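Read from first to last, the chains carry the letters A, B, C and D; within each, the first residue is number 1.
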């Protein structure tokens, strides 16, 4: 975790399983959004708070927008490094960037973004909750 | 809907999409459980009550056990007939059987079963709720 | 199928199943890419050629880029209209736009795009194959 | 890896992600078959040969039958221990058993089985290939 290419960066490794492949013999394009989820979840955990705890505190961070560019295919049994960067924090929003790299040679396979807002327990859009502001402050100062 | 091979039978057609395939060029084995879900859901709808309504009435019907035998592969873009049969109703349980047939030639590709219980809103196992008993009575008499 | 908002438009209905939901009680954000796949596949079928036939002719149309904006949640058992529009055809590429509408009231839940290229059987990027050019010409003139 | 409860046993940890949950707030029942895949794949890798290598050698091991009993729910963000046991080797078939345990307290959440045969590159059922027999012999003697 560090501030090299944004506010915070985290890396996590996933493996492409058979269920993820399609008959082109490649990872299905929709699965990258699953891996983006894994990436940002593990970033939060490294920052000191799991997304489960965010929900237990009465908040949710739904995805407002997602995009992915597919540069080179991921194949069955490949280990992928999901590199997640927190690139923007607003008063009521967050934006993450993702890079998906083949672990063996570091080749960049895909990149993407997701944008999120905060909802309270009643589903109303709210500002970033104070505990989350502190979490990010600590991480970025750290 | 009729009582030919059990208490009630329903048929529904799904199509194998690219996301469902794996690099063998076949439908991934785990997807059949999705199709079983579609089968029993559409049966309930035909019986006169959607599973959404079951939940809105404060009940859930989790799966206790599932099994599937894979006889012949389902391929990309195949239309599959999901034939769902209610084969057993107990005081507090249900059992469905499924047959997955290739639509073009009626070839049997897979068959399986799921067993379910009833939970109330607090997650306690309960008897089949009266409205559900009536639903089945009507269907079977009908 | 018509040319109202682009080169061609197709509509197809899918239903949100339990497997598609997450613990927010909403459709998981990655599933929209599955529905986009269904949308463009059914458009091709309406144009007169299934994607299976495209592959049998020795070509593939991988996704280069995908994006989705999530405006309002899709919920369990909702019927969704996937409206697919072919918005761009290049010499070697295609771009589709998608709108996901709640069927009961026509509410727009999400929109998105995918960009595609053509690969031959050896995986080389190629121009749009002649049979595909004709398919589009017929559809757009028609 | 050891022969305690069968011919060979392997353990692997997976985490329940948001994509795996459904609106009951639990892991969707079909996902266990994905985790079974992860379990047997990691067992093969520990035995000394990845399933990718099995396929590269010209063989496939499709699933003939799968079953799962759901004892207690797996929840979002739970870490699950997938314990895979090779319980039967025939001349042309294999059978694996799986136990899914909550990592924090070792609680058994589900168990299941899959049965497999061997196909050659042309898709014909064949005996277990010699390299695979040796792999198992070594593991069991080991």
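Quick notes on this one:
Here, contacts are C-beta pairs under 8 Å (C-beta built on N, C-alpha and C of every residue); 3 or more make two chains touch, one makes a residue touch a chain.
Note that the structure is a prediction, hence the values are computed from the model and not measured.
Annotation: A-C is the more contact-rich of the chain pairs A-B and A-C, by number of C-beta pairs in contact.
Measuring from the averaged C-alpha position of chain A to that of chain D gives a distance of 28 Å. Remark: chain A and chain B have CA centroids separated by 35 Å (rounded to whole angstrom). Mean C-alpha position of chain A lies 25 Å from that of chain C. Shared contact sites, meaning residues of chain A that touch two or more other chains, fall at 18-19, 24, 26, 30, 34, 37, 76. In terms of which chains touch, the assembly is arranged so that all chains touch all other chains. Per the touch definition, chain A reaches chain D in the complex via residues 17-19, 34, 37-38, 41, 50-52, 76-77. Here chain D touches chain C in the complex through residues 18-19, 21-26, 28, 30, 76, going by the rule given at the top. On chain A, the positions that touch chain C within their shared complex are 24, 26, 29-31, 33-34, 37, 60, 62-70, 73.
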